[in-house]
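The letters A, B and C name the chains in turn, as written, and every chain counts its residues from 1.
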Amino acid sequence: MTSSSQEKPPLLDVKGLSVDYGLKGVPSRAIDSVSFALRAGEAVGLVGESGSGKTTTAMAIAGLLSPNARVSKGEVRYRGEQLPIDDDASMRPHRWSETSVVFQGAMNALNPVHRIIKQIAEPCMLKLGMSRGEATARARELLELVGIPADRGSAYPHELSGGMRQRVMIAMALACRPSIIIGDEPTTALDVITQAQILKLLGELRSRLGLALILITHDLSVVAECCDRVMIMYAGRIVEDGTVAEIFAQPKHPYTRLLIESIPNPASGKKMIRPIPGDPPNLVNRPSGCAFHPRCPSVMAVCATEVPSLDQFGRGRVACHLYRSSQEDKVAVHA
Amino acid sequence: MNGGGTSRHIGRIIIRAIVTLLMVAILNFILFRVIPGDPAKLLLGGARTSVTAEQIEAQRQNWGLNRPLFPDQLVDYLSATVRGDLGYSFKFRGRHVADLILERLPATIILVGIAQLTAIVIGVMVGIYAGWRRGGTLDNLATGSSLLLYSTPSFWMAMILVVIFSTSLGWFPGYGAYSPGAITGFLGSFLDYLRHLTLPVTAVALGLIGQYVVVARAAMSDVVTEDYMVTARAKGLTGGQMLMRHAFRNAMLPVVTLITLNLGYVVAGAITVEAVFAWPGIGGLTVEALNARDYPVLQGIFLLLGASIVVANLVADLAYGLLDPRVRQ
Amino acid sequence: MSESTVRYSQRGGARAMKGFLRQFLSYGGAQVGLVCLVFFLVVAPIPNILVGPLQTAINATGDFLAPPSGEHLLGTDEVGRDVLNLVVHGARISLTIALLATVISLIVGTTVGITAGYYGGRVDVWLMRLTDFFFVMPSFVLALVITPVVLEVMGRGGEILGFRPSPFVILVVIGLTSWAFVARIVRSQTLSLKERTFIDRARVAGSSNFSIMVRHILPNLVPQIAANGALVVAGAIYVETSLSFLGLGDPLQPSWGTLLSLAQRAGAASAGAWWYLGAPGVCVLTVSLSFVLIGNALDDTFNPRRRVIP
């Protein structure tokens, strides 16, 4: 699928992953045939509206699918080995040691009744087998690393500002020296200035520690600031995948184009965000063919009947009937 | 965290407790003046006792009953209450109400204390587990039976226990605290006491267990949906670690509050159960006082119950403060 | 969310009602509770038709403490009265006391809560101080000391509104001491409602404070009041039964609690007369369980997130 021609397997390789949620006997497909690879140290943005499947994708990679979710197809490989992502107990050693998560809205993601130092030290003790003293020392180090004076470690989450709490989340995510950090809307609840500081911190730590970063967001401008590559998701599928520069300069999928146009641009004086017309797709009753066709400005007859596959186009990938040559078309009818 | 917030928090709790106790005492004062008959005579042991005019006059002087009701008499009444002077019993001629109550108090403390501790340990454990494994077999079983226990009046439970375990099976005595006669020796009478204690404690505890299971389960099923539980899972904690390190303490917060909210249930349960078993405690005294219309004793009991409820609330508020750093501000 | 659900459109109201009923009846507990409750509500008003007039020691028909038989389905008591007769009459008395006490409690609680929330300021502070007292002090404990004193003042003879003095006093005292929880909830709802635009509109249109409270705020409080009302009934039954058991009831108008008190005095438990103490106890248990189940289901229906009891 990917163009990576290196001999070493990629750090993370997601192959045709489909996840269903059981909704009273009627399973709804949250993500459908998602495939991508992540190299060590790479920063990828995963962008889409709510319900696009970006969070399910991330949670599947982290082995955090909820009990009513089921992996119906595909696999996730980490350093070449398949991850038991639908087996809660077998995933436990992988969690936090290899992949950690910075959740959104850190007020609720931190336990309100424990001091932050204890929450940072906890995975060091439980996963790395450190003593309480060693773990506390490590936690103090981590706090300094994310720009919080180590003495603030005795504070409780509610005593910190939103930006500070998000820094604590980041420190906690670094505790077991993982290879991948997933940022699940890590800056959503923050004001613009704090948001920029947190993104800058994430970017610095990533390059310093050689971490791979998967950034989940609905906000393309966040991705522009700190990712190498971006994948756009719509209704459970990846519709476009490319480098940040390419996607912003030459968006291919009509949905991507509309997303970029909807970013408020202070320079051009447009204050109002122009929303994409139409309703977000309903997962239980997904539109036929390309799920975006009811809202698509460039819709064609074929779009309502055939699901476009995610194919190589230029240096990236796109899933849209507009970008298929007529020869390919005939071959791929029953893909 | 910071000392100022904490002491201000504790100060506010204590002031609220004192205001509540003051209102209990004022209510007592009003009720006592409302009862028909001469208060001086009532204070000397009720309408049916014969006292001399001098005694009544002395009592009037002593209590300032010739002075205006408010504020003089109220102030006197309150200061007497604070000193522990609650007047004399009607029924037990010439005995101080405070003495009567103190005499009966240990039996009740033992009964309620053991029942409470048992119920909290069992009820909270079962409830926490049921909420953690919500929808499981044990959850359905525990929820169903605890709603049933919760809706059963404790004294009725006591009567049923007597019918089954005392009258039919003869395993435990169903009356009083000691067997009359033969048993001697420390160990013998201690075991005898325990045997007498079994059914009353069970009756009070069963109702409480129902209540605590219901409350702890509800609290736990809210906690498991919290974001920090997802964080704990992402950190690679096992189920047991998530439960003990992250869920338990948060689930205890509403449990502490709800337990104090239902203190009336404990009091009603204990008093009526004591009445069933003729347990020589406050409940038995209450029934005697009700039957003999012994108002000073009844009011003394009211003051005692009020004070213990206020103290229980105080303890719960302080415990909540210890459990939850957020309220200390 | 429910800003205008109750009072703005008749047809919308009917549809909301239907949706509410479907949701409410989807709870198993609500179904069980409703069935039991309907049974007792059918039996309670017509005891004379079902089992004849209330038996006394004079017109008692059976042996003393006879176990259940074809003639006396639930056996007899210590003076030969039919227990079924007593229990069916007890239903009327117990349910009337509990429901009237709840009505008083809801009226007081709603009035205090709306007034405190709507006017705010010092009115709010003082009303809430009063509410705090009744919130901390259990209804049972207050009733235990107030009821006998009031009875002493009124005398225990005669009738008031068809009640003997002691059931009447008990129901009034329970009603007047169990409203604090309702008042707190109503107040917090009122606080959030009075900031809504439709209240401003009414104020601009010249509605009086009283009319805003009764016509605009009160209808929106109905869900909370209903859910808590069911729990107040369960509590009232519990308190009434306990007080009557301690001897505050009236043997001429025996509630279930009074029957249990009589059974206790007659030594029914040590005599093994399970039918005598079993029948009223099962009735109390069933009715209070029904109200708890209904209250929980109502609460779940109106606000699925916040649940005190499963």
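Just so it is clear, a residue touches a chain if its C-beta (ideal position, glycine included) is under 8 Å from a C-beta of that chain, and two chains touch if they have at least 3 such contacts.
Source: prediction; values computed, not measured.
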{"item": "Required steps from chain A to chain C (each step between touching chains, minimum)", "value": "2"}
{"item": "Between A-B and B-C, the pair joined by more C-beta contacts", "value": "B-C"}
{"item": "Distance from the mean Cα position of chain C to that of chain A, given in whole angstrom", "value": "54"}
{"item": "Chain B and chain C: spacing of chain centres that average the CA atoms, whole Å", "value": "23"}
{"item": "CA centroid of chain A to CA centroid of chain B, Å", "value": "54"}
{"item": "Residues of chain B touching chain C in the complex", "value": "16, 19-20, 23-24, 27-28, 31, 34-36, 143, 147-148, 150-153, 155-156, 159-160, 162-163, 166-168, 174-175, 214-215, 217-218, 221-222, 258, 263-265, 267-268, 271-272, 275-276, 286-287, 290-291, 293, 295, 298-299, 301-302, 305-306, 309-310, 313"}
{"item": "Complex interface listing, chain A residues touching chain B", "value": "62, 64, 92-97, 100-101, 103, 105, 108-114, 122-123, 126-127, 154-156, 158-159, 172"}
{"item": "Contacting residues of chain C [partner chain B, same complex]", "value": "129, 132-133, 136-142, 144-146, 148-149, 152-153, 234, 238-239, 241-242, 245-248, 260, 263-264, 268-272, 274, 277-278, 281, 284-285, 288-289, 292-293, 307-310"}
{"item": "Interfacial residue positions of chain B with respect to chain A in the complex", "value": "1, 226-228, 230-238, 241, 245-246, 249-250, 253, 323-326"}
